[in-house]
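In the two assemblies presented below, subunit A is common to both, partnered first by subunit B and then by subunit C.
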Partner chain A sequence: MSSSVFGNRTTGLSLTLPAALFAAALFLVPVAILLSEAFVGPEGGFSLSAYSDFFADPRYRAVFWRTLKLGVLVTLTAAIIGYVAAFAIVSLPPKSRGRIFGLVILPLMISPVARTYAWLVILGRTGIVNETLGLFGIEPIRFLFTETAVFIGLLQLFMPLMIVSLISAMENMPSDAVPAARLLGASWVQVFLRVILPLTREGLVIGGTLVFTGSLTAYITPAILGGSKVLMLETLLYQRVTVARDFASASVIALILILMCFGANLVLRRLATVKRRTAA
Partner chain B sequence: MLKRSLIAGASVLALAPAANAQDCELTISVYSFAQDEFDEILYTPFEEETGCEVIVETGNSVERLAKIAANRESPVIDMAVVSVHDALEASRDGLLQPIDTDALENFDKLYDLAKDPLGNGEAIGYTFYATSIAYRTDKVEVTSWGDLLSDELAGNVAFPDVTTNQGPPALYMLGKALGDDDTSLEAPMEALGEHADDIVTFYVRSSQLAQLMMQEEIWAAPIGRFAWGQFKDSGLPIAWAEPEEGQTGGLNVMVMTANNGNEELATRFMDYWLSTEVQTKLAEGLVDSPANAEVTVSDEAAENLTYGAETVAQLDLLPPEAIVDNRDAWIEQWNALVVQ
Partner chain C sequence: MNRIAAWTVISLLLVFLIGPFIIILGAALSAGPVMAFPPDGLSLQWFEKVFSIDSFRSSFAISIWLGLCSPLAALILGVPASYAMARYDVRGAELVRLLVSAPIIVPGIIVGLALLRYLVIPTGIGIGLALFLAHTALVLPYAVRVVSASMDNLRADIEEAAVMLGCSRLGAFLRVVLPNIRGGILAAFILGFVTSFNEVPVALFLSGPGITTLPIDMIGYMEITYDPSVAALAALLAALSIAIVFAAERFLGLSRYV
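== the complex of A and B ==
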């Protein structure tokens, strides 16, 4: 693209140089230094022992699987609710569409700390959820400091990102695609699977990556709603650094988180391209 | 005018222009809480008295100590306040130097416990706090640390995580109640592990507890006295337990970094902080309980503080050596026995 605007590649590349240098000096190098600690063995030299130690510990394994499970669950749920919401929003007349869109992104403007503390009240024993259950004679349920609470908190935190990504993907969809498919006799399920999904995959990849990486790397929400009984990789990392001063295993966790984020993006992209080929 | 910059990181410090350079400046490293009060009671008056600038760096103690260790060749921080066990660790790392107590006019006024807690002259206590159990008097009665694991309280207790400052002392007292005061803390951790499902959460921030108490999420929790104010004002019937095994607690100390070249001013600052006037104001402001025995405060303030020779003498403190030597083992053990 740069060649079309600037006439030659060199100009385009040299213009990206400041940003690249900035990223390299202030992000890549420090991260590389940090992560390299995780490859040093007990007697110095290259070693993967920090990794094998990490996965050999059943407690760390449990934290890893819990983080992955909650990340996948939050992403899937956000996608399902997100599609319904996004489809409903793009079907609205432009004026109310803007208003509803504003409401969707409103939570993004409120601090995650405030939002998470709100959940602490809502999900509490005397909170609105348990009060409502009480009206039906149901005994108070403990939500706080469980995986359920972390799931709810993360979902609310990141779902707007999914909805926004899907809305912009759907807005780029030809407006007559869905009516045409319906006219030709497709059921709503078929319309979704054969028309909407293939045409909005880019949005799903972007939204999915944002929600998944967000859920993996969120700190405040699992720390407040889960506490030390529901450790996630991010809260475990914090514990290793601030308490145990164990920078080696903290580096291992940091690298695992980075790899999980890249992995999620790769998987989502792969899904998108494979399906596009079959759809074409 | 605030002539002071609150600096969040060493990088910022390095980049900061040496604009308002005065003849002298003092860089201190402190806990981040109550900085407005410290500014009013301690920093600004000291600046006015000496004409020197006080540069304040805040953060949790691990970050702050890591920074002191990283800059050991050319110290940025002149004096710091940390917990007594963190001071011991820094002392063992050779990061500290003895404080010239002859230059401290207020040294003799301190409680004996505060004068030389490390035994090598490298730390001076400036505040104490007691740790006991805050509990809902309309729900239960707490007369022993062992009550935390009683059937009555099952599902209604928050216990401090082993990684917090309150964790090990609370475990130590629980061990005493179980008839085992070994500093390995194995017995209390085993007992706590058996009751792990009955503990609502292993908390890391005491600021969270008042809300949990108000939401009826918990009825009891071991807390430091510094966090008591938020419970007292909640309007609920909450009492400070006086368990038969006694109360535990902690001591925070001031330390002087090695080779900082600013010893004279740092010592003067320490002396000012320990003075009866400043310690009284900090106590009345419910910021810190006094280590200066000459401090007298109103009954209302005393109610919220760890105050008085008798109270201080009765605190059953874990020795700092025990904390530093066992910390890693405790965390391992905690992970294995309590939060599997």
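== the complex of A and C ==
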């Protein structure tokens, strides 16, 4: 804006500075110091030994791969269920669509502790699933402290984010695109791959980024449903600090987590723009 | 998709997303001593027990206090910044946006640990103050985003007209801009409250003797006991969040801002 009233740059800068400085002082500086810690060797000076030590340990490598695997699995599953759910919700008349939309985002407002806790009741040894299996004479299955439990918990936690992103993408889709393709003889698979997917790619990318980074950095779900048996990077970090005061590993894990989140952001954004260009 | 298929999909989805909360409520109403669903008889004893646990009372007070103060502080920082970025040609506005949104990108647990080691320990400030500062930074991105959205919807020429008619810049802001972005400010406050109140990762390391937020306290309690009082508390918290969001939607149209 270059009008006379808003021309003064110093005023603008002085109004934004407090917020920027606050965020820098509280986030950037402490986090930067924390990250730099892993690059200092035992005798001082630059060293990568904390990183080589970390990746040399098979238990830590397992935690790293498990975190990545669960992140990818949760994101893919959320995308598949999300497409079906979003398509069903968008096909409703506006009034019920609004209500269902409200119910889908409702869990996002509720404490993640409460949300994860429910799965203890459902999946526990005397939980609903096992009680039901017991009625048929099936021995109780151990769900808690398994990857399955963590997977289910994460999926429930983050699926609303995917559905919301996909719904807003589908609402921007021309309403006659799908019926037209069907009329011209396309199968549902073709409709999805050639019409729906290209037109909702951006929503998929936003939802995917939110779900993936959310799953990587979730603490409560792996802590409660996975315990020390199914460690993920966040719970490993917490354990290294509280149990062993091992700040070098904590710093390594912190950088890995940040890089994974940034990486996911970059790769997915890239994917969205490249495909759009080729489609056009 | 035909209607029956659509409703089947939606019902299954809602069972998965909402069902667990109904189960929490059922388990909380149980008369038996351990978590079970369906409950062994009905009683309100676990709801009573929640209120008799001292640590829950004090951590609840801390969480409410944080939930009210941090969005307020974030708005004091965020409203001027959003206003300036919408109205002035601020050099480095993109950098400011990036800085302010950093708290969303950096995982909370890392921030909590970093603040504990490089702010609390070296300067000796209290855990409570550190929590307040951390939560302020955490809700700042929401404040800036929501308020910026309402600033974008406000035409600049109304304010220009006020200035040309003799209003001071501050006067124009207070009398013309502020009343028009009131809804956005309230929405940002509510969103900030819910975010701060439910926040776990940052508070994980920022907790000390006597100062713990409610969610952290609940996790600690769950690790040692398996009685339904946590279910009762979880049900109460869920009801509180739903009530706040419902009221906000009803009276403000919260979803317009998010």
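What we mean here is this: the second predicted complex is superposed on the first by the 252 of 280 C-alpha atoms of A that agree within 3 Å, B and C clash if a C-alpha of one lies under 4 Å from a C-alpha of the other, contacts with A are read in each partner's own complex, and residues count from 1 in each chain.
In this section, a residue touches a chain if its C-beta (ideal position, glycine included) is under 8 Å from a C-beta of that chain, and two chains touch if they have at least 3 such contacts.
These figures come from a predicted structure and were not determined experimentally.
Undergrad: Touching A:A56, do we find subunit B (first), subunit C (second), both, or neither?
TA: neither
Undergrad: Contacts for A:V121 in the overlay, against subunit B (first) and subunit C (second): which applies, first, second, both or neither?
TA: Both partners, subunit B and subunit C.
Undergrad: In the overlay, work out which of subunit B or subunit C sits against more residues of subunit A.
TA: It is C that touches the greater number of subunit A residues.
Undergrad: Under the stated touch criterion, which partner chain does A:V243 make contact with: subunit B (first), subunit C (second), both, or neither?
TA: first
Undergrad: Which of the two partners, first being subunit B and second being subunit C, lies in contact with A:I89: first, second, both, or neither?
TA: Only subunit C; A:I89 stays clear of subunit B.
Undergrad: Per the contact definition in the header, classify A:V113: touching subunit B only (first), subunit C only (second), both, or neither.
TA: The answer is second: A:V113 touches subunit C but not subunit B.
Undergrad: Answer with first, second, both or neither: which of subunit B and subunit C does A:A180 touch in the superposed model?
TA: In the superposed model, A:A180 contacts neither subunit B nor subunit C.
Undergrad: Output check: A:I224 vs subunit B and subunit C. Expected answer is one of first, second, both, neither. What do you get?
TA: Both: A:I224 reaches subunit B and subunit C.
Undergrad: In the superposed arrangement, which partner chain does A:L13 touch: subunit B (first), subunit C (second), both, or neither?
TA: A:L13: touches subunit C, not subunit B.
Undergrad: For A:I258, using the defined touch cut-off, is the partner it touches subunit B, subunit C, both, or neither? Pick first, second, both or neither.
TA: A:I258 contacts subunit C only, not subunit B.
Undergrad: Give me the intersection of subunit A's contacts with subunit B and its contacts with subunit C, in residue numbers.
TA: Dual-contact residues (subunit A): 120-121, 124, 126-127, 223-224, 241.
Undergrad: Within the complex, which stretch of subunit B touches subunit A?
TA: That would be residues 60, 62-63, 66, 155, 161, 163, 196, 199-204, 208, 211-212, 215-217, 328, 331, 335-336, 339-340 of subunit B.
Undergrad: Of all residues in subunit A, which touch subunit B in the complex?
TA: Listed in rising order, the residues are 59, 120-121, 124-127, 142, 144-145, 223-224, 227-229, 231, 239, 241-245.
Undergrad: Residues of subunit C touching subunit A in their complex?
TA: 1, 5-7, 9-10, 13-14, 16-18, 20-21, 23-24, 27, 34-37, 77-78, 80-81, 83-85, 87-91, 93, 95-96, 99-100, 102-103, 105-111, 113-115, 117-119, 133-134, 136-137, 140, 144, 156, 159-160, 163-164, 169, 194, 197-198, 200-201, 204-205, 215, 218-219, 222, 230-231, 234-235, 237-238, 241-242, 244-245, 249
Undergrad: Which residues of subunit A touch subunit C once you look at their complex with the stated criterion?
TA: 1-3, 5-9, 11-13, 15-16, 18-20, 22-24, 26-31, 33-34, 81, 84-85, 87-89, 91-92, 100, 102-104, 106-107, 109-115, 117-122, 124, 126-128, 156, 159-160, 163, 216-217, 219-220, 223-224, 234, 237-238, 241, 247, 250, 254, 257-258, 261-262, 265
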